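This is the structure I want to talk about, given as structure tokens.
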């Protein structure tokens, strides 16, 4: 059993990887799609064998507390700024992520924040800080919706609002309404996914052997090929960056 | 003044339920005046016939027609069911109910209610839930609730079955004065003494049909059919 | 296990410190659910009663449908309301999406069939009892409905309470149409879902306990007010 | 609006092509909800009847509590069941988490109070009618419960159908304890939630329509089987 | 053999509801044999008294004790309510019900049921829902359901109120043969003729108390109190 974040599931990559894993390892991976925090809790409780998330500080805490032995980076994708096609804040013309946020901070258009402590949310907060803005001081235009990526995108679509999303979720999202991808590409927007096997010393019943098998596979050239080759509408989503042991 | 609603004509009336004929065929005309008494053994269809006349029983065949349009006729009849149906309200509210349906002024309603509460001796019980009344008290209340509307036609299904002697006499007095005011009464009873005392004409029901009919004078003193003779003797009829 | 204890403790602290956020979202929960309950009852009580007393051609089918609608998945209701209220939808101009009003609309749709079904069932018995009398008194359809609702009000309590319970505990639909926006449409259940997603189980449970306490409080006060059992028939 | 139409079309195609995934998750939905219904009814029908016939000290309080529990937020139930069944919880060794069994357990907890409350309400009337006779015949408590359930079975239909409706449409709790694992614990509602999250409204609605059709089908067949209305009293 | 359950002793019994005293104080001993007839005006407390004796009415004060432990006494009594209570089952199932409670062999149950269906003339109705029976038929069924348990003590609350003459006679015959088998019967009636025909001793209830009591011979021919005399005349008693 593998707990993954909603954004990973929404990307559709799992539908490519799982059959290949089944074929190569004869392993049925059961995906539990939950929020980052909940995924970490499932790992702590030993209810899953491994987790795949993207929130570096939380992951390091997880390892430090001994719930996992180490974290293994697998791949990254990037975050993108989504907003109304008309782009009242002119985010599309920004030169960096920080500048994009500054422009939003000036115009104060509706902005939807995940507000759920997820990897994406943490990234957004970090970006605001990098832009010298404090979300706590924002007015009504800044909407913390406290929901997963998909639900937040739905809300943004309903409000015609700006939102920070991961590229994969955005490309797979079916309810684009009046929204468009406005800005992407700043290195600050990279989003690292890591794999953490649950510490078998803490939970004797976890299938650590299978987790390790899976980890080996995920870091193998075959996985690299599949991950790098996964595209939606011709766009590459993920870049494999696992370092061989 | 005699009610314009009558005569009531039943034509080839049958009531069937699940293939069984409970009533009929019945052909019958009820004249504008007097009290018609329906007698007969248990299960012979007295209640069913009464309900058919009142229009609360679905006919399988035939028709029951008043001299006035149905909608008008419905307003001017009252019915007292064999097992009294009490609204889950106080005794006074049960009496108020039929009057409230007709948007009468409040003061008039209260006056009538108090008059009838006294009349049936339930004024001390007016605040009690009607469902808690004793068997006989329920019957008296149901009768008062029927009369309070001043109906032109009154159907009574064994109204005195659970009443004591004094109450029975009292009810009979009420019925007689209603007759004097030209209320048309059709009722059933198992009390043959009562039948004799009140009836203008009488019907003998047997196995779902009107077996014998006649003015009270002949009906009770010179029954024609063997079955009615047996019924008066208190014999079981095959 | 620890989480449950922690949750209880946290709930306790939230309540005794009159946490302003908690007050706000609890009040909003109550406001949304009670409004939905009032509107749904106004529709469902007469409707359920009507179905109990009126025989028409497709009556049986209608009742089956109503019963089936009790199984309306909240997420689907949420979606449909979302689509209708969204800017590009037919009612988009009203700008109701992501407001408490939208949440009330969704909840009304969810609980109306439930209340109507239970009402129908409760009223069927009473109608069997009153049937002959009310027909004999030549009452109009509307008078019959009023009489049954009034005299059967004790029996309708369960219907309303079931509707309220479903509304206050519901999350799927109001998450979609309300958006769980902080300070605007966040209610207890969506907050619970949020904390659960964050992995903060203790806080989630704490909010849950607050919600349950709220529901119990409301139920006990309603029972107490209506003296349901005191006026019992025996 | 278009989404709704597309959803209908998609639902139609999913059904006529006997989409194997759809079959699987629909069957699992049915299996989980019907199992939960059977278990919950086995508890709630006697319990609700018992509360209708027995007068004990804290009876009124118990009934209020039961009514309040109808408002148990599914997410909270899910969380608590999760905590109990989790590896580090007291029942962790059973390994039930993320299995249909866990989903059934959560649903039983959610629908039992609902069924019991409606049962209590329906049985109160019948008990008022039978009270004197059953006491006079010196029946035991259990005989009374059996008699009331049997003779009132038509009235209990609504209770069970309401429970089934709540179970089949429920998503919050089974998402947490079942995990929405493809091929293992994915049911219609969790699949709908998933597609909604992906923004694929047409597919989400299609699944929703399938679910509603399923619920309607079950209701109509139950009504038909029990000939509820035909054996009516008038 | 005379029942060992009796005598039944009521000591200072009162029944109050919402502050109003419906019954009492009543002090009374019922001897082991015969038929006790309770008469009195509507609402005088006859039904309440009967229910107290049977143990289905909560006492506010005093006690009602049988000669045997309560649990045993409860098994050996039957009660026919003034408004018959029909189980929502078929006529035959209504008769079966009390026997099924006692785990009798099936064959014996069926035999008894058929015997009684015939006895009350409802064999043609055995498959009908009991709630659909006519008023009189319901009363006969309730009586048969009470007798089918072969009780030692039988309480009857106006069992013939809705019965026709033949059925009334028939029931009276059944009661007489039950008396010969030493069944103890306590009943109420508004039919004074029936009271005279059946009573061994009699009670006159008025305003919730036993106003007069005596063996039938004296009670009916030489009533002591003015109120009982008025009651027999059919006068209203203040």
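We call the chains A, B, C, D and E, going by the order they appear; numbering starts again at 1 in every chain.
The rule is short, and it goes like this: a contact is a pair of C-beta atoms (placed from the backbone, for glycine too) under 8 Å apart; a residue touches a chain by one contact, two chains touch by 3 or more.
Fair warning: this is a prediction, and the values are worked out from it, not measured in the lab.
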Both-way neighbours, i.e. chains that touch subunit E and touch subunit D: none
Between subunit E and subunit B, distance of the C-alpha-averaged centres to the nearest whole Å: 28
Centroid distance [mean C-alpha coordinates] between subunit D and subunit B, Å: 49
Subunit A and subunit D: spacing of chain centres that average the CA atoms, whole Å: 35
Inter-chain centre distance, subunit A versus subunit E - centres from mean C-alpha coordinates, in Å: 81
Two or more partner chains touched - positions in subunit C: 176, 193, 196, 201, 233
Junction residues of subunit E, two or more chains touched: none
Touching two or more other chains - residue numbers and ranges from subunit A: 34, 148, 151, 154, 157
All pairs of touching chains, each written as two labels joined by a dash: A-C, A-D, B-C, B-E, C-D, D-E
Touch list for subunit B against partner subunit E, complex: 17, 40-43, 47, 82-83, 121, 125, 132-137, 140, 157-158, 161-170, 190, 192, 231-232, 234-237
Sites on subunit D touched by subunit C in the complex: 1, 3-4, 59-61, 63-65, 67-76, 78-80, 83-84, 89-90, 113-114, 117-118, 120-122, 124-126, 128, 131, 155, 157-159, 161-162, 164-166, 168-172, 176, 188-189, 192-193, 196, 201, 204-205, 208-209, 211-212, 215-216, 218-220, 223, 228-229, 233-234
Residues of subunit E defined as touching subunit D within the complex: 51, 54, 56, 74-75, 77-79, 81, 85, 87-89, 97-98, 101, 129, 131
Residue ranges of subunit A touching subunit D (in the complex, touch as defined): 1, 6, 9-10, 28, 30-34, 44-47, 148-151, 153-154, 157, 172-176, 203, 205
Footprint of subunit A on subunit D - complex, ascending: 86-89, 92, 95, 97-98, 179-184, 194, 196-202
